[in-house]
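Some structures to go through are shown next.
After this come two complexes, each holding chain A, first together with chain B and then together with chain C.
This part shows the complex of A and B:
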């Protein structure tokens, strides 16, 4: 496979590993946008990254930076800066990263699933939604020109309470969400934190596209929670992600179609419509079905 | 949606019970084959018009199919009845799944290019077995009579045994993959099981021969 010629996609930072995946004096090989790369950690704990040739020899170095407890790299010149996410520097938050999940589909499909509330009650039944409360209330999308980000705000969705007995008695609450599309293949959400009135958990999804239809998903989170163990939190996120994975790998086609009428959105898909429009205007082609005549 | 001239057998009637939905591949395209609780079988393109989720992952509610992803509900004619995210919204009439007509006869479900009448006698036929092969349909046709001791005669889109007690339908999944579905009018469970077992043995032999 050749590396994409889509300049917008090339000029982004992508997650390529968590720091603890590379032990001292060892290397870690992975793939970014069909380009094989190698990360190496020397005896001073310094990490470098190279493109790999077909015979596995190291070629040009590529930049590597650590943010949100995750290592990012890029194949392009002057990449779009990584986003500012203030919550990751707040003292009372726990920074937890949740696995790297392999999902064999387009990164666009993964972002769109992350933005989507309408599936909560069908795919995450009794966890993020309740089958008898499927309504998606109206919300707004905004374009932020200074950061070139799309936001979806004033989102809310009925969430049954975690405990089984409370769920059975129909108890639950309206959870509030805001979504930020940080780059073509990264997105985050703010969700009202359970025992911290007026504050929000920050949950990110950074995607490493191995190829157009094969991705690794990284989920660093800055959350407010003094009760759950780290394992509880990771288990919870993983169980959610497994459910989404089944959906994502069975959407057809895998490459997201942008032609009108190839898929039919409804009001709840306002954020997906804004995302698709923004991808198009940003010149992204990677992960999208090619449009005839363009 | 017309895909082929010859009617294609897609499954054994008795293997698709009311409330079932199965994925089916026909000429390299994915379909969802399902049966409503009214007993009527349907063959739909395996793709939800909303966000492309495979409908074969959905579930059957009475005579409707509900998509797994966002619960959109489709009537048996393919039109959308309900969008749960917006309970008050009347789905536009243009919102519709691609459907293919099917008929049932000799205990087999066929995809056809236009609507024909199903044969009423289909309930007398019982499934024997479906077999899947990694070679083209033509290779099966030429070897069909080596199957068990039964000799088959082609009769339009199906193959009937000389004694009219067994029927076979063929399915082209792709240029290199096909399937064979066999049904019988024999009431005896032992005959059905024996024949199914012989079919499996036969598949090993044929696969070796084609290699």
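This part shows the complex of A and C:
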């Protein structure tokens, strides 16, 4: 496969590993946008990254930065800066990551699923949604020009078990959400934190597209929870993610269509419509069905 | 002192044990293990419990067992007075169940090995082929059983052989093995899901 020529997609930072995946004085090979790359850690614990040639020899260096407990790299010149997420620097938060999960579909499909509240009661029954309360209440989408981000705000959904810490209470609650689309293939949500009135858990989804229809998903979180164990929090998030993964891998076509009327939006899809419009206006082609005649 | 299960929610082998504990309506304590990404099962503390570094582990008082097949046998033998999950008085049935437990612990693993968490590995074609072969063998057995009017792998009622084979068979769909080619397997999985006290796991929804 050849690396994409989609400049918008090239000019983004992507997660490529968690720091602990690269052991001292060893290497870790992976793929980013169909480009094979190698991460190496030297004896001073410094990490470097290179493109790999067909014969596995190291070619040009590519940048690597660590943020949100995750390593990011880019194949493009002057990439769009990584987002500011203040919650990751707040002292009372627990920074937890849930590993990276393979999902064989377009990164656009994964972002869209993350934004979608209407699936909670059907895919995450009795956890993030209840079959007898499936309604998505009205919410707003906003464009933030200073950061070029799309936000969905004032989202609410009734959840039987909104989080690991909410499970202890044994009763459902109205969870409040905001979503932030951080880049074409990264998104996060703020979700009301149990026992911390007015504050929100920050849960990210950064996608490493291996190819247009094959992705690794990284989910670093900055959580307010002084009850649950780390293992319990990871178990909760992973279980939800696997449920999503199955649905996502069964969606056809794998590449997301942008043409109007090819997939019928419902009222719950306001954020999806905003995301698709924003992808189009940003010039993204990667992970999308090509439009005939344009 | 009750039953204690060292568990990881996305492990098919841990799920086997939870299924039987659920069918028998037994109370047990769960010790969650950060299998991924923490790799807690490879850390010294856990290796003291199981030097093989594998889940699940069942503790029952002073008894400590590894290997989901061995654990299923222990629970059935000790906690199922009707002996329907492991009919041990009938030499043929008993040894056929043992045969299918070994199949579940060896051949069938290729159908779904580590599919949920092994994030960087690609499923290579030979592995998927091996998984398909194992599912074909299971499908053939169920076809033969169905011609004799039976729904289960061994005997007239479900046994731990069915429990041991169910998770990887069901999860194989998730790694990309299409079940269209295995009609008897699909019927059997549908029947299995209808058993009273059936439990789901992430990746194995209640209805499929």
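Everything below uses one rule, namely that the second predicted complex is superposed on the first by the 283 of 294 C-alpha atoms of A that agree within 3 Å, B and C clash if a C-alpha of one lies under 4 Å from a C-alpha of the other, contacts with A are read in each partner's own complex, and residues count from 1 in each chain.
Keep in mind that, in the parts below, a residue touches a chain if its C-beta (ideal position, glycine included) is under 8 Å from a C-beta of that chain, and two chains touch if they have at least 3 such contacts.
Only a predicted model underlies this, so the values are computations on that prediction, with no experimental measurement involved.
Q: Once the structures are superposed on A, label A:18 by its partner contacts, choosing first (chain B), second (chain C), both or neither.
A: The answer is second: A:18 touches chain C but not chain B.
Q: Have a look at where A:230 lands relative to chain B and chain C in the superposition and call it first, second, both or neither.
A: second
Q: Who does A:239 touch here: chain B (first), chain C (second), both, or neither?
A: Only chain C; A:239 stays clear of chain B.
Q: A:100 in the overlay: touching chain B, chain C, both, or neither? Say first, second, both or neither.
A: So A:100 only meets chain C here.
Q: Using the superposition on chain A described above, determine whether A:134 touches chain B (first), chain C (second), both, or neither.
A: A:134 contacts chain B only, not chain C.
Q: In the superposed arrangement, which partner chain does A:118 touch: chain B (first), chain C (second), both, or neither?
A: first
Q: If we overlay the two complexes on their shared chain A, which of chain B and chain C does A:251 touch? Say first, second, both or neither.
A: After superposition on chain A, A:251 lies in contact with chain B alone.
Q: Of the partners chain B and chain C, which touch A:172 in the superposed model: first, second, both, neither?
A: After superposing on A, A:172 lies clear of both chain B and chain C.
Q: Does any part of chain A touch chain B in one structure and chain C in the other, and if so which residues?
A: Residues common to the chain A contacts of chain C and of chain B are 246, listed in rising order.
Q: In their complex, what parts of chain A are in touch with chain B?
A: Those in contact with chain B are residues 112, 116, 118-119, 121-123, 134-136, 246-247, 250-253, 257, 263-269.
Q: Where on chain B is chain A touching in the complex?
A: Its residues touching chain A are 30, 46-47, 49-54, 57, 68-71, 83-87, 89, 95.
Q: Going by the contact rule set out above, which residues of chain A touch chain C in the complex?
A: 18, 20, 30, 97-102, 104, 216, 229-232, 234-235, 238-240, 242-243, 245-246, 249
Q: Could you pull out which chain C residues touch chain A in their complex?
A: 8-10, 32-34, 36-38, 40, 116-120, 174, 176, 202-203, 205
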